[in-house]
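We call the chains A, B, C and D, going by the order they appear; numbering starts again at 1 in every chain.
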Amino acid sequence: MARRRVGLWLVGAFGGVGTTITLGLATMARGLVDQTGLVTDLPDFRELSLPEPGDFVVGGHEIRRTSFQESAEEFRRNTGVFDASWLSACRDDLAAASSRVRPGPKLGLGPAIARLADWETESEPATARQAIDRIKADIAAFVKAEKIDHLIVLNVASTEAPFGIGEPHQTMAALNGSLSRTDALILPASSHYALAALEEGHTYLNFTPSLGASFPAAWELAETTGSLFGGKDGKTGETLMKTVLAPMFAARNFKVMSWVGHNIFGNRDGVVLDDPNNKSSKVETKDKVITEILGYKPASVVSIEYVPDMGDWKTAWDHIHFKGFLGTKMVLQFIWQGCDSLLAAPLGVDLARLADLEKQRGGKGLMRHLSCFFKGPEGDDENDFFKQYARLEEYVASLRAKTK
Amino acid sequence: MARRRVGLWLVGAFGGVGTTITLGLATMARGLVDQTGLVTDLPDFRELSLPEPGDFVVGGHEIRRTSFQESAEEFRRNTGVFDASWLSACRDDLAAASSRVRPGPKLGLGPAIARLADWETESEPATARQAIDRIKADIAAFVKAEKIDHLIVLNVASTEAPFGIGEPHQTMAALNGSLSRTDALILPASSHYALAALEEGHTYLNFTPSLGASFPAAWELAETTGSLFGGKDGKTGETLMKTVLAPMFAARNFKVMSWVGHNIFGNRDGVVLDDPNNKSSKVETKDKVITEILGYKPASVVSIEYVPDMGDWKTAWDHIHFKGFLGTKMVLQFIWQGCDSLLAAPLGVDLARLADLEKQRGGKGLMRHLSCFFKGPEGDDENDFFKQYARLEEYVASLRAKTK
Amino acid sequence: MARRRVGLWLVGAFGGVGTTITLGLATMARGLVDQTGLVTDLPDFRELSLPEPGDFVVGGHEIRRTSFQESAEEFRRNTGVFDASWLSACRDDLAAASSRVRPGPKLGLGPAIARLADWETESEPATARQAIDRIKADIAAFVKAEKIDHLIVLNVASTEAPFGIGEPHQTMAALNGSLSRTDALILPASSHYALAALEEGHTYLNFTPSLGASFPAAWELAETTGSLFGGKDGKTGETLMKTVLAPMFAARNFKVMSWVGHNIFGNRDGVVLDDPNNKSSKVETKDKVITEILGYKPASVVSIEYVPDMGDWKTAWDHIHFKGFLGTKMVLQFIWQGCDSLLAAPLGVDLARLADLEKQRGGKGLMRHLSCFFKGPEGDDENDFFKQYARLEEYVASLRAKTK
Amino acid sequence: MARRRVGLWLVGAFGGVGTTITLGLATMARGLVDQTGLVTDLPDFRELSLPEPGDFVVGGHEIRRTSFQESAEEFRRNTGVFDASWLSACRDDLAAASSRVRPGPKLGLGPAIARLADWETESEPATARQAIDRIKADIAAFVKAEKIDHLIVLNVASTEAPFGIGEPHQTMAALNGSLSRTDALILPASSHYALAALEEGHTYLNFTPSLGASFPAAWELAETTGSLFGGKDGKTGETLMKTVLAPMFAARNFKVMSWVGHNIFGNRDGVVLDDPNNKSSKVETKDKVITEILGYKPASVVSIEYVPDMGDWKTAWDHIHFKGFLGTKMVLQFIWQGCDSLLAAPLGVDLARLADLEKQRGGKGLMRHLSCFFKGPEGDDENDFFKQYARLEEYVASLRAKTK
């Protein structure tokens, strides 16, 4: 029987996460590396009918004119990861994937991201509808050419500034009435991709804090077309730690007085997050998890600073000042030194594999069982990592039970 | 209706943990402080018929001739905790509790602990049986004088050296045949207290890694007399962190290559742990939790160093070196600055409250639902803190369900 | 022979630093504590004719209506330092000093500091000249009443926002022509105190980054009146570390790529520094020392965040990313947990003692030999701590040589 | 005029430091990298007649049968440093240097190091004299073949266990009488190399804490033959930090109560230091610098732990607990993450360059001006890094003055 072909359409394909996913799938498919870091490689997940690394076909949109080969090489140079031998061994895979990446429309990028765009196109869409249609056309061509069984759009582009939603975003009817307006920006770029996916019944996953499909009209659309979706903002490093440690403070009845978190890093996302508008989206999801887990709001500081020489190495220092028995003040500090794209990429692969599993199962709509992968899980108030993870384990257990 | 009177018999009463428990109960009973740091003060526990701080009557054994007042004052001076006003407000409570502390037999203390002993008695027991009987007599007098409804022996003494068990420890029959031998040390001191409690049907809780009731004959005895028991080694700081973080590494399929933990502190326990024999008991429980949670053994270093000027402030630096996706090496470090006795004491109070709840419920034998309080939970392979805690929550939920 | 009487006039007397200086002098004079933390207590300084703690008479200005007793008690409560017994033993000293503190004029405080002012006076000066004259009158009354031999004004008030200087600040002639203007703010509050001191030949020391005497006309004035002066901004914690470590990186020819420093603290200075204008003064002196020592500007981030529960405990995390041999990237991180006022106060006492020594010697003008005490040493480009300190040692050695 | 040819004879050539020196000289000579990390590249040193990287000819002794190419490749793989392109560009240089490395005699290695030895030779010396003579013969052949103007023996081998010296080590007469004994081990291996160098008037530099030339008879010999020498134990990371920070605590009159330092690393030196005897040599020099700088001995803990997965990345956590003003307890912690061989190698190059400069100048005997490079500077009580460095700067300034 022919293997299933799963299309993984990366929005922001040539970025650090997109590049690492693409190179990672290639190196795993070629048996050059093991699957360390993939949740879906854990024993509990192994009997499931998850697609293998070699079952994925990568394509995507991008606004910078480069290639997976170039961005992988640049990444290797700045960050000191990726073995040089992998790049040569997977040269053809990367070149093939690069050829499947299309220039993304520039409408709705916002100034911080637009500054990075250098992939000129003959014409640019003037309305959201035009942008969506161009994206749909690119995806449709890919699906056809590659004989894709299931197409997953995964947003791994840079973080957009917060985008205020209003009346037009409440229902599909209202939204459809607005998509052709030229007098106002109806949606940020991320949502053009989300709608393009959902209108066609494809799966949409938002690995960033950008708006994407996070508004009522998009949910309505997903229901109508039976599309799967999930988000948002991958829980990779410092926030993962927060959602692991905050439950400990809660379970011991320690009173957290303040939680200070400083993050420094130097990749391209950092350039974008150096813009205060874009940064505010990120800080918000990083900060609110603590309040939601503890049930009260301690004093808090969250900073994300762009320090170019750090490359992709995101270093976080967190200082947690808490009161214990008899009001005794104590301190926990942690320092997390992780390579950001290498933390994000496996979660992207996990999400794609699990989304395909759900598709095979006939699922539709919001995938709440994926909350443990997200900083701000869509439609879910649970931020405690282990409670989220327990839910994924239950889901997996129920699938395994059915298989038997 | 008269309030229930719960006897809390502290082995090692005048140590940091014993002193903090005694002062803590007094300050809480007088409303001078809130119950921050008590797990049993969390909303889920509030409707249960737990004894209140004022329901406890403290007594105990000790080998150093001092008092709660003196040790609290010394602790305040060295460690900078305890408000001076609490000591005056609770002076009478502390004096009363001090008068209920009896000199402990010196048999089986081991050299490191015996060096601290300065409470001379007219005669010292020569056999385990004599030691047990003297302890039982002291406790019986307390129970009678104070009209105690439920007596709990809580071991908060210094850590003993590992004690190898053999044939005599397998059954009560064998053990009883050995307790009167004078030619060999049959049990360490901690086990004299354990047997004294269990022979009388009292509750025994072991907050240290010492042997206590952790051998087959003692379990058999508890079954026979219907005694409650639990242990061992309170999970206060660095190990709590380990059992919170290791599950995260496991759930993300990170491969932990090494876990290094260095602990420094300067209280009296530190003097005892400076003896390599005694230290080895502690290092063992601190180290093995990681292996049990991860399912493999990373390289590891665990040190506990006595640094006198630190007082009760235990500082731990942990360095976790792990591999993520594509074999990328990353590092998490944490620094825990906690006041050891202030972390331990509330857990001691929680254990006593929950043991009394179980007693009221008619429970007997090993209390497995208390695993989340222990570094080396007796009769339990689960070391993941949140899985342990979920079990306690289930227990509490089932009790609440019955109440309604 | 009667002991010398040195007047120590504290601007911002009831703040953390002023309170600690006052309580520190009293406890040392009464022999309750030793002189740990005083540079002038080191062996090299002991044979010099430095004033003793009991030779100082404390007075000052303040804008908040409180007292040394109250502020010391509040400090003890929030920050957990100062033994309660010292406060009772020195109660009379503190009360006497409190009675010598006068309400400071509110002109030129700036909004962040003005918000703290609650000491109402019958009238407030409308011009700089009026403010200066009122300050001079208060000081003159103190000098007369207390028979002061040498009066030192020490600015330990909160940090002002940067104040741009212009034509009027270049010469005394120009300045005098402007001091009575009512249509513009000619000087910030700190400079009113500086001019009040220098016009009368008193000594002026600026322990803050505020303008104080740091402009040409003030230097001219000091020369005319033979006043001693020095500044600015006490080098207490993180910046001390920077000026100790940066020379190491330079001497090993390591290339510092970035130096990130995050500071958190929660005292009243923090409230003021939470105002971005005031913060910018502080960040500037903290940041530029590195560039001046290294000879090039690495990427840098400096933050100072107000986290109320930290009290006076300033915690700094610094992350230094540097290149070594063959371009190898390495990292040094440090965490400084110091009590801010307790770090600052002894330097204030040292400065006052050394200024008095210089006065006895007949010195005039800028005291360049005091650079090691300041983040931004006046009239000095040297920021390397050990080079600065070597200069102080030479000064002391030359004085000792003369004595012999 | 022909360039000067300086022979750099590495004892322990194929180890991490020897390999990095050899590769470093080659890459610098070929202009592939700059001289970051070389003290002798600082502006003050540039006008001196120092040998250039290309002026060095590398040879040496080794007990493991491998090559610079292999060890550089292994190092790159385990530690993630060295650009792959350098290894190909310098392949011939490394091969040539490898061909100049001779098998070292095994006499006096001690068990921990002997376990690593796998370079078999036809016969092994039975006495110190035989070992020395074989070493001399190897070096003489190198000097002749390569037309060396100045030969420098640099000990970069693993740390030996402490070796107690006695009567035979006090004078050359006594020593010469003992070197041919077969009934006892007269000297450790490191000293065979030292004597081989000094007997021939070559220069000897000891970058390790091993005995080397650190005994009276060796000094006498150096004087007789006019040899230059210096040592011992390169000051690379944590100890460099200690000798930078301890002077700060002293200069501020802070009282250091305890200084705890934990080091973890995973290179071959670590395997050797895992032997408690060898470790004790290292711990001693790391520990005593603090006492010598402060003038009193704080409580201290120094550990060096072998953690294989760390490779050459030595991570040190230091916790310094100190008392400031009014006895206030504060804490400084630092975390040093450095690549050990990359820190050591440039100092080795600096030492060789400066030793050659001194040779050109006609110097003889102990080079005290090199103390800043050593943990335990020979014949010098000064451990303060900046005082040591100031001495080197004075030396350099005096040479520059003569040049002009």
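To be clear about the criterion, contacts are C-beta pairs under 8 Å (C-beta built on N, C-alpha and C of every residue); 3 or more make two chains touch, one makes a residue touch a chain.
Keep in mind it's a predicted model, so treat the numbers as computed, not measured.
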If a chain touches subunit B and subunit D alike, it appears here: A, C
Pair in B-D, C-D or A-B that repeats A-C, with over half of contact pairs matching by residue number: B-D
Inter-centroid spacing, subunit D versus subunit C (mean Cα positions, whole Å): 45
Euclidean distance of C-alpha centroids - subunit A vs subunit D, Å: 49
Touching two or more other chains - residue numbers and ranges from subunit A: 80, 331, 333, 335, 337
Contact footprint of subunit B on subunit D as seen in their complex: 80, 257-258, 260, 262, 264, 299, 301, 303, 305, 307-310, 315, 317, 319, 321, 329, 331, 333, 335
For the subunit D and subunit C complex, residues of the former touching the latter: 20, 23-24, 27, 33-39, 41-42, 81-82, 86, 240-241, 244-245, 247-248, 250-255, 323-328, 330-339, 342-343, 345-346, 372, 385-386, 389-390
Contact set on subunit B toward subunit C in their complex: 80, 84, 335
